[in-house]
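Please read the structure below before turning to the comments.
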Amino acid sequence: QQASDGVVKIGILNDQSGVYADFGGKSSVEAARMAVQDFGGKVLGVPVEIVSADHQNKPDVASSIARQWYDTEKVDAIMELTTSSVALAVQGLSKDKKKITMTTGAATTDLTGKQCSPYGFHWAYDTHALAVGTGGALVENGGNKWFFLTADYAFGYSLEEQTSKFVKSKGGQVVGAVRHPLAATDYSSFLLQAQSSGANVIGLANAGLDTANAIKQAAEFGITQGGTRLAALLFTLAEVKGLGLKAAQGLTLTEGWYWDQSDENRAFAKKFMDKTGRMPNMIHMGTYSAVLQYLKAVEKAGTDATEPVAKLLHEMPVQDIFAKNGKVLPNGRMVYDMYLFQVKKPEESKSDWDMYKQLAKIPGDDAYLKVAESGCQLTQ
Amino acid sequence: MSSAPLLEVRGLNAWYGESHVLHGVDLDIREGETVTLLGRNGAGKTTTLRAIMGILRRREGVIRLRGRDLLGLPLHKVAKAGLGYVPEERGIFASLNVSENLMLPPTVAEGGMSVEEIYTLFPNLHERRSSQGTKLSGGEQQMLAIARVLRTGAKIILLDEPTEGLAPVIVQRIGDVLVELKKRGMTILLVEQNFRFARKVADRFYLMEDGRMVNAFPGHELDARMDELHEVLGV
Amino acid sequence: MEFRGFVAVKDVTLSVNEGSIHALIGPNGAGKTTVFNLLTKFLTPTRGQIVFKGADITRMKPAEVARLGLVRSFQISAVFPHLTLLDNVRVALQRPSGLATQFWRSSNTLAALDERAMELIDAVNLSSYADLPATELSYGRKRALEIATTLALDPAMLLLDEPMAGMGHEDIGRISDLIRRIARNRTVLMVEHNLNVVADLCDRVTVLARGEILSDGSYDTVSRDPRVREAYMGTEHE
Amino acid sequence: MSTIFGVPAPALYGQILIGLINGSFYAMLSLGLAVIFGLLRIINFAHGAQYMLGAFAAYLLLSYAGIGYWLALVLAPLIVGAVAVVIERTMLSRLYGIDPLYGLLLTFGLALILEGAFRYWFGAAGQPYAAPAQLTGALNLGFMFMPIYRGWVVVASLVICLGTWLLIEKTRLGAYLRAATENATLVQAFGVNVPLLLTLTYGLGAALAALAGVLAAPIYQVSPLMGSNLIIIVFAVVVVGGMGSILGAIVTGYVLGVLEGLTKVFYPEASSIVIFVIMAIVLLVRPAGLFGREE
Amino acid sequence: MAVGTQYLAEQPKLRTSSMVIGAVVVAALMAAPFFFYPVLLMSILCFALFACAFNLLIGYVGLLSFGHAAFFGGAAYFTAHAAKVWGWEPLTSILLGMAGAAAMGFVIGFLAIRRQGIYFAMITLALSQMFAFICLQVPFTHGEDGIQGVPRGHLLGIIDLNQPLAMYYVTLAIFLFGFFAIWRIVHSPFGNILKAIRENERRAISLGYRVDRYKLGAFVMSAALAGLAGGTKAIVFQFATLTDVQWQMSGEVILMTLLGGIGTLIGPIVGAGFVIALQNYLAASDFPVTVLIGIIFVVCVLLFRRGIVGEIMELTKRKSKQSA
């Protein structure tokens, strides 16, 4: 039994101050600490330490932090990695450095597709799951002419691509798309462009505050009154809370976890709430689960060396509060069940965080791409 | 002429950056007097006026107005103390029209001329009161520059080469105005190269050379000293 | 020439003969410096034409005019203040020698120009200050340095704006001699207030007042012209 | 649906309106910059930060003191103006008379401090700020929906610009300001307290920026970086308009805003650079700017 | 009128002693990677070269460019694209980046030198921001992702740059080359004319110098050297992103130069080392780096405009004057 350099160090690298700070941010660091605590605080007889940093959604900032963590601070694995551009950069660097990453904050399927890594794991939702869930629900309700408002980076491209594919496969068409930079402030001109394209669904292939702002401004310009529907392709509890039920009501969205689904969830959520002042969303939970699973694998491998731990992570089933009967594909994709929710009307909500009605459960095998379709070269 | 001088300058030194331009200038002006500074180009006449006003900040020596020290005052307080300045380059503001230019300097004391009086004195200005300041002819600009300080009630006006570059008729006109001002008891410190013009109004002359006062004499001695002046002034 | 509607120089027809020393005089603000600025293209004339050595230079850029051999000095002395005297003169020598655009060579190559530079500095009696930064010179010596720098270009025609302003008597004599010497195979147009110098040095005098030519001719003709006396010393109407 | 040059009319009008709104902010900000530059000869790089401060002042007034939009519209500019007065007295005033580039660098540093501090306290993400109840909702103009608040912004900015213009062109204070812009020393030699005038001018310019910030808060998020990207576009506007001119700043602001909006209709990819392209062309043809004078 | 005010008249005594100091510094730089984190050192070297290139313009021509990030970041994109997409050898990729930066320098410089002083600063800023917008839009830069995973490759096909030490020494060599180039330009006949122009532009014109061409020449050289730094950085960090083309980066390089000492040859290096080390140190803490950078800016402008090196030189100069 051996852990190199007397400590197992896990880095939580995420957005703590930018447009995606609510997705995970400092609360995710708390979730990781809870996982360490729940695991017992030590592994292989050495303490487990959590370090964290804010990457400001900049891949270059993230990769130089990661590089330094690996080179000089003995960090063994990095988790969360909000934002696809960051996740791809850090996973790529980690592949060269032979270190494990477990992504919960980014969505692009490229992480386990074209740019997959033997040491990279994708632990929560991805763009395919969102396309199938939210995209599917809208197509079923007659949304057959789509216009995309796409965040101009890996995540946006991937979400637009997956959703378009899905829409087209169901007989719909895509009438146009515009790309906007991360954290654009004014979406009104993009929305007008979308409106004049004759689309009946505006697919918001962005996230966080970007999506929230687009939704608000769509209302301002009477776009939804005109019968055009908005597809908030990535929207979590945190954004619904930020936007408020009044503006968000009726939106359909896909998430992988909700606090009010079971007693177990409610109990965990309360603990989390006490520490952070908010209910966890699927990203907080994903980070919790990733840390926990990593520690389990280290324990089982009897070492924190990358190769054996990565091998075990691929093999071990995932069974915790976040994922029931989760399994990890050879490309690093963790497959588990997703849910389709609808945001409640204000009058339906009974408490502060009572916001979702569950519409459907999406079995993991439907939500996520098969290895063969993923385009990952590792496994051939 | 025993009364204490209204304006008293003693041992005034002044610098532009590193270059030392005035070397201990002494000067007295009594109430109601018109004093003219003569000197070659670059002798330091303008610099003397600028140093007295405080536009040129790097200076040493004594400057007193009615015994009150002016050297330590911030620039805007000097005007309030009763000095009116008509710069060599006239300083008419292009972005202001004639009447705005005229009204610009704040009143510093009672007893300034009223706008009507000024317009009577300078009928051309009245005609052109709403045209842009710098659209005036050179002579009109000079009149405006003088008129501007008459309104404020300043006790002394410092006039820098009011006839420079002006046609003889206009020079004549400005001469008349100065005579009129003198009659009204205004104290004037005049810088002039054109001493034929200056003799009409000047009670006394100072002669400057290389930043020093080299001579002083009463107005009536001008003719007698013509040759000497020609020599010094190089004309 | 107009500044925002103010006509500073109008209808000036001035011809300077090759090989002469020509003075431009007139009271303050007459437009002398403005004429210089027009000739050397630091200002563009509103109307009119300027011909130098048979070529029309009315629309040229200032640097081009200088390259043709029409070089000026400035009324407010213009030196490179933090360069040494030697460097000041060398800057001028560099251009005709082609040692100006070479950024890959050491500046030691400029030593080749030192001899000529020292000659010029010597000509204006500044050799003992050659290694001093120009800023430390007195005003009059700066003017002398400026003349040396101007001469370094070996111009066909020099425009000197008040070259003697601020100089002591001995200096004036020396610079007069220098100007006389250099004018042997060159043309000089100079602005000068010191009429003794003008009388002594110049072949021809043009008097400017209020932007117009008042009189033109030899010093004697001009100085007897009553209009000139009037412009300088004012009217006597009493 | 009617079309104009092959573009649906609602899209065209919509984008022109949005352009006009952006133009309103360009105009208000470049106006403040022009006033400050004219007298202090300082390019106020902190202008964007002061705009941001205005928005934050409104936000903080609401969240900590319960003070609503209308009062904030008055209070925020006063607060920011006061801060600016302190900045001018303690720092900028030491830089008069030396190379104006130092003023640019100083205010650049100030902008970094302000933005960094607010980012530290509030995160880079924006804070929402609701439009006042009186101005919510939209008007259906038939050809498009016009959010009432945005209409208000256009009207308000026109009034502000016109008011400032009148203040400068028609009042005695404005005459001091114009004259001091040409020759401050002489104006002071006439007995005008020019140092005070400088201080007030900087305060006024900053207050204008803050006012724009309050107006912007309900449209954009209240975010620490809201001013930093805008300010560079405003610089370009100022270069196009010509640095000295107040009228140039206002007119160019609106015109470029609308042009930018039109570009979004006809060639959206170029919309973010169109102002800079125009700047380059103006530089080639008229280096002093459209309304500027050669210095 | 230039920001760079102090101007150092060359003294022969200084020259020999600076040769000795130079040799010591180079030796120290050779040994440094055994004592410090090489990536940090390489980062400092890249930024030091960038700052030196910037200083060439402000310190010796008196032009404050507020848009140098465009050359630095632009070159990074070109180099990264060549190395990653076209599979070019690293040095040729860097040279391509440098050439690209020079070309951009020509275009931006051509427009900007039409105005002076503050206007020049604003115009370079606006044009570089325009370039940043273009980078955001054209596909080859990959938007917010940037160009990731740029291969370090083998220098001239031989030396494997994935070895940290090899990469370090190559970076050092490039830095020294760039620094020497700047030193040469400053002390060349051309540099002499630049100084003259900065001292008195009208006089230089009246001597027949086409001043705009000299300024543009210097601008292009400065841009090319900034590009050399940016291209190298792209290979070292295997990355090219928007961060490097944005105006904040232009601000940072100004700060490095101002802090170290405008118009001194080694000031920018000291400034860059200081700023990068500081950022690195603060990255781990909670303290907002931009606030500190802003404070340094304000303090420099208000209290010591000569910068660290400039103030030290002034002190020694004053001392030697006193003793003399």
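Letters are used for the chains, namely A, B, C, D and E, taken in the order the chains are written, and counting of residues starts over at 1 for each.
We adopt the following convention: a contact is a pair of C-beta atoms (placed from the backbone, for glycine too) under 8 Å apart; a residue touches a chain by one contact, two chains touch by 3 or more.
Fair warning: this is a prediction, and the values are worked out from it, not measured in the lab.
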Item to check | Contact-graph distance - origin chain A, target chain C | outcome: 2
Checklist outcome for this item: Taking each chain's centre as the mean of its CA atoms, the one lying farthest from the centre of chain B is chain A
Checklist entry - Going by the average position of its CA atoms, which chain sits the greatest distance from chain D? => result C
Item to check | Centroid distance [mean C-alpha coordinates] between chain E and chain B, Å | outcome: 54
Item to check | Cα-centroid distance, chain A relative to chain D, in whole angstrom | outcome: 38
Item to check | Between chain D and chain B, distance of the C-alpha-averaged centres to the nearest whole Å | outcome: 44
Item to check | Residues of chain B engaged with two or more neighbouring chains | outcome: 94
Checklist entry - In chain A, what residues contact two or more other chains? => result none
Item to check | Sequence positions of chain E contacting 2 or more other chains | outcome: 136
Checklist entry - Got a list of which chains touch which? => result A-D, A-E, B-C, B-D, C-E, D-E
Item to check | Residue ranges of chain E in contact with chain C within the complex | outcome: 7, 9, 184-185, 187-193, 195-196, 199-200, 202-211, 214, 217, 221
Checklist entry - Mind pulling up the chain B residues that touch chain D in the complex? => result 53-55, 74-80, 85, 87, 91, 93-96, 100-101, 103-106, 108, 148-149, 152
Next on the checklist: Which stretch or stretches of chain D touch chain A in the complex?
Outcome noted: 7-8, 10-11, 14-15, 18, 22, 119-120, 123-126, 128, 138, 140, 144-145, 147, 149-150, 219-221, 223, 225-226, 261, 264, 268, 271
Checklist entry - Contact residues on chain D for chain E in the complex? => result 43, 91, 94-95, 99-102, 104-106, 108-117, 119-120, 232-233, 235-236, 238-239, 243, 269, 272-273, 276-277, 279-280, 283-284, 287
Checklist entry - Can you name the residues of chain A that touch chain D in the complex? => result 16-22, 56, 178, 183, 185-186, 188-189, 192-193, 195-196, 208-209, 213, 220-223, 225, 242
